[in-house]
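Scrolling down, you'll hit the structures one after another.
Paired with chain B in one complex and with chain C in the other, chain A is shared by the two complexes that follow.
Up next is the complex of A and B:
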């Protein structure tokens, strides 16, 4: 590669390094769909490289060949095979091979359904196990490894798009309709998903954690998630949470807080990140978000609570962190 | 002999004049004394320029119904505290100290007749450069300015007795050296706002809320020309004492036996989740933070005016508007629900 070309291409090559991680990359799949997509991508890219090199070799050979090397009939045969028959067969085979990937994976009514609703700028999550009441959560998606899960994707305000690169392809979340995405996680671990459709000022700050767990651990977790918050009424932050009206928008099951406008906080402290996957869960970060959500996420719908004293916001933050 | 005008000479003449002007200003020969007044011709020119400016700007930037005659009490109280010292008032001469200014503040009993409502509004809002007339400290509180416009309009025909009644002189005199004297003129000795639509009931309100509000007015975090003037001179201990005094006064009962409006009752109890509007009761129910005001027994018109004050102008993106709790929440209330909500909250329905 010549130096000027390398110089101009270097930044683009460095940008590609962003794909080199294990928690948010189409090249590091942990789900069936993403593995299929990677297999397809590798084959198609590999095939395209072989064809490109073949065509380049033909061009070089044609330019070096003396005049009259190819008879008229020979030329016509080359065009027929290399320009007609081979591409038709190759593209036809690829079509037959790739088309089934567009069909959603099969799911049965016995499979776990998870309703995900995109909001500015967070994710409403409700697990709907068959024959049991739904379990409401937010900003984190947990999946049992090896089981088929049906994601029912919707939106509360504007168009969002659900994308967990290591799990499956993107799917839009559109207000007023439900899009189904059937997924299966095959490798336990902690991964990350993002909103892939511009949805407002903090679109780039709208992500979430995906945790794929062994099925037994998942069942135990879901049972725990369904339980109301452990009573910590003695915590000063619990009283402040109620007194300052936080429960008007946020539910903490088992307390007076029953709001459904903002994320459910019943097991808030058990999540690894806050503010939809953008800040580590620390007391200082929670307090900062409570005090002025817009300074963390511009355009967030949560109003600022600057009238609270720093001591009160700290107490509320500690209470929320204790909700495991 | 003729002098030919060339570009060079014109520039030289201009520069010389500018230098002469600078030299004159530097020398200090010009008499800046207020005591020396203006030459009549200067006085005429300056007033002519000022009147033209007010006429033109008022014509373009002031709404047609500039004067609001429904809140004379708060306007009178503010006038008495802030304006009368320079302009005088019915039965009260202006301060001789202030009258020694150049120009002296005009007697509004005469002067107000020379201006239209919109022009008075413009002057009250923006003030007048080089005259000592200040702008309204809270430029966006056009409701306050509208009330003051109506008050100034009424000054030429106002008797002293009417003026003293509006100001609430009797209650203020009864309070004598008590710092509450500055409050009761408008808010009434019972803290119920003398029946004025624009003055809230503060009797029986949460002390912590009243104290925080006084601080917010004094620091400009809450906008009001009238209350900023009243709160700014108070020290924190006095604010706390005043807040406690009004909080201890018996609250007025529910404003009227309102027929409960079902939609309003629902918003108070459950909010409107579709519009991301939380329930009023989540903050304003009894037992919630004393930093939030009690609404039962408040004047319904006052609640409605506050909610309307927080509504946004059409088309302004949410992220550019104030993100404080009540502005952000009030913007989600449907316009046609503001009055029923205010009535129901005032009546103590929940």
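Up next is the complex of A and C:
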């Protein structure tokens, strides 16, 4: 296969494969770094295919050659060139070419910082815009398109890894350390990220939504997110929420709930998914999770509330959904 | 006594012309090497042929078991949102699959095959320490069943084969499985190191006369390289295991960030082991290529010195690239660049080795055969794995690929192409050597193509599922990711691969029904093919003089001369199992060494030591202590009755006018080398702990930290302990020197003083942290100080036991000045003890003031 043909065919193949999944794939990037790395991937794959075919051709030739066709000196020259010199040159060039990509992207103090902390099996999110108080959220990351954002990654209990395949490479979240990842989303849309480091029983069920928004929309959203929950204290679910002690673990700003053990629920209803990106936001799903979180997500810390009547869990679910 | 030069040896074969003489010799050899028979007694066997076969079979069964675990996983992942197994079961499955394939199959399989092959490759009658092989085997069996069997009780380890803390060290987040992993596999690691010591000494000291290092069969070179790698790679993991269990059992916070620990320390220690591990299991397969490719090209391997240098180079580099498993942990960019470069560079020596094989096939007359089919097919798969390996060595690409199915694809291409399929090729190649019968070429080829298709169908799609966002170690994935088709293909491929493995098993099971074939069926040129289909247990009829890398091809009348006993040591006049020990570099004969005979001691020792590890898992500390004392007693009994035996005469004729000693001590003896090599491993484990101390220093601005329970151990007690260790060391050294001069009483006095000094250093070493009230659960600083102190004082204690052993040997009349191997060997230990004490006590006693 000639290089030009490959160059046109490979992206087409990837696009076709990526067609079925545009929101959690390194082949369908929406961020600057992921796009750069995809370009690198294509070239690496191309090089690997060429080398593989070359080695295969040599093996076939070696098998077919009559005895003595290759002299001892000829064989040693083959080893020297094919095994020594060519790989050294190719790998040296590869290293020089990829070194710049290992530098972290530049960021300034004026850039938005977002602190993300991995917990078994969900994500704390705190937006820290310069010169303004932090805005706490959970299980969803919103990014302004075209702006540099500094992600500060930590862990609450065990090691997790922050990975949004379409945005950038992954970065581990390690207890006792804060890792920085500088990202920039270039294409608005709704995407998905996951935990990439095995973190326990429900590691497979630890995901989150990523929403890349136009900058103006993002600013408006952040301002809204900073406000307390809409005053719907009269809803029957609100009383049940308080009476069952939900606020001991979950904060709903503007109410008596101030706990920080579980995810912040102040604008819970505005998220598209629940339980860290694994269920669509429907009343039935919320009620099911409230009733027995462990059945949805094995190992989740949230206790079961099986003693509540279906009516009560429905009411709590409706209340939570109303927290836009 | 210096070794005689071989040039002067008169190759006078006339003594062997009489068939009656030969028959009498053969009868004596047969009687000496007769294996123990009977339902129970047969398990006391220690001969390399039987132990090697038990070892191989056991590792093979563990491989099949771990493979079945993988099939269950693939069944679960066949379709999205599946619930065939629970998350809990799935996590146990993948942890056990990886751990068993690595620790219970790949490494032990190398050692098992080497135990079978090495004596044959070297024309030796057996390995230098047959009982040590048996001990290694029984340890492996007990530990393997303990770890593997845990899944039937739903308590298998479930933290991944890398066991990253704090998930695995926090007892509220992980259960018994973590202890089973840590202690069960530590036990296996001990047996792996034991086998490595055996193999290194075997290669260095048991070669046939004339086989200089540059005439050694390449497989022996690879055994040497790989065993040395095991020696330096496993101990850091053992050090990590020690810290890990201290945290789990005693709450010492090595990996707890809240109390100054750091989870990354484990990752460093694990991958300093884990990456060389990849080459530890890959190089032996290259070694199999290096044996069978010359055979099927019917010519010498091209570029012998290049291959050796490349293997050594791979080994060196493999210790310098562990960080590529940690590219996503947020390390400084400079180390990313360095480790990226090192990881890419390792492709170069690998390429050199592969092109040496290609050039050999090109230059030679290729004979198509089933083993060669396996070799070329696995090469194709391996090259793909190697190329994706270069891709993931590029840090930015790795940030995407790391911990995804792309890596699963990469590592399985490497391990199937670089370990499993070559092993099957080796199986088809060497089966006639072990059983005298060929396997079916037809079944072998069908099995190969089924496995080849299965492997590619299973693992090629994973490259895409990984890049399309599928992380590793997930028990399920949502349908919306659109990965169902790729995963279904992988599952079908996995079952296809299993069908191929089943075909190989069928072929093996049919073997007993087949007739024996001819000797050396592939017309190979290397020494191991002297093996006769009508198997004799003596190993080799006479130990040959080697003048070529392919003696069967190059040395005229070689096979007949060996068979007719015309080379060395054709007899067992004294009714003892013997083999020849030679010099390290140029293989001049030094000694006829008497080998261990069948015994249950190795098995009982392994059972007792297994008790220590297994009972500790269940927190039965007193019972574990009892087992520890039993282990010590067993070892002493084993040594006392089975080693450093004083021969009935000073020397023995091995033919051709050569008479060499039956007893040697010091650096030319195999026992001295075994001690030296073991202590290298021990020192490596210790440096893992020291690395921990300075690692914590680098991550803390203030280290040692201030505060109650953290101020210690001061300088006085560590320095006192150091002085005492050095006194004990000097006493032992002087005792050895004057003992050799005949001053036995003075030497005994010095040994007695040495015992007291060692015991006093034990007390002083612990007094430092004890009297300054360092509280190890408070912070990582007191914990690591205590650990270094305990490690060093425990070594002082063992030193005292050794000194007492030598003293007792002397008093019992078993160690006269001319037979002082015990004293030489414990002096080696004392050298290492002194070194350990200097580093440890300077670190804990002086470094705080310097920092």
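The rule we apply is simple: the second predicted complex is superposed on the first by the 268 of 324 C-alpha atoms of A that agree within 3 Å, B and C clash if a C-alpha of one lies under 4 Å from a C-alpha of the other, contacts with A are read in each partner's own complex, and residues count from 1 in each chain.
Note that in this section a residue touches a chain if its C-beta (ideal position, glycine included) is under 8 Å from a C-beta of that chain, and two chains touch if they have at least 3 such contacts.
Please read these numbers as outputs of a predicted model, since none were measured by experiment.
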Quick one: classify A:299 as touching chain B (first), chain C (second), both or neither. both
Please work out whether A:102 is in contact with chain B alone, chain C alone, both, or neither, and reply first, second, both or neither. second
Does chain B (first) or chain C (second) touch A:201, or do both, or does neither? both
Quick check for you: in the superposed arrangement, does A:53 touch first (chain B), second (chain C), both or neither? neither
After the superposition on A, what does A:220 contact: first (chain B), second (chain C), both or neither? neither
In the overlay, answer first, second, both or neither for which of chain B and chain C A:245 touches. first
Which superposed partner A:82 touches (first chain B, second chain C, both, neither): second
In the overlaid three-chain picture, which partner chain does A:94 touch, first (chain B) or second (chain C), both, or neither? second
Per-residue touch tally on chain A - higher for chain B or for chain C: C
Once the shared chain is lined up, is A:172 touching chain B (first), chain C (second), both, or neither of them? second
Touching chain B in one complex and chain C in the other: list those residues of chain A. 201, 298-299
Over in the complex, which chain A residues touch chain C? Could you list them? 17-18, 20-21, 24-27, 33-34, 36-37, 40-41, 44-45, 48, 51-52, 55-56, 58-59, 61-63, 65-72, 74-76, 78-79, 82-84, 87-88, 91, 94-95, 98-99, 101-104, 120, 153, 157-159, 161, 163, 165, 168-172, 174-177, 179-180, 192, 194-205, 278, 298-299
Under the stated contact criterion, what part of chain C meets chain A in this complex? 86-88, 91, 159-160, 164, 166-167, 170, 173, 257-258, 261-264, 298-299, 302-303, 306, 328-330, 333, 336-337, 340-341, 344-345, 347-348, 351-356, 358-366, 376, 379-380, 383-384, 387-388, 390-391, 394-400, 402-404, 464, 467-469, 471-478, 480-483
Going by the contact rule set out above, which residues of chain B touch chain A in the complex? 212, 271, 273, 276-279, 281-283, 287-289, 291-292, 318-319, 323-329
Report the residues of chain A in contact with chain B in the complex, numbered from low to high. 201, 240, 242-249, 259-261, 292-294, 298-299, 301, 303-308
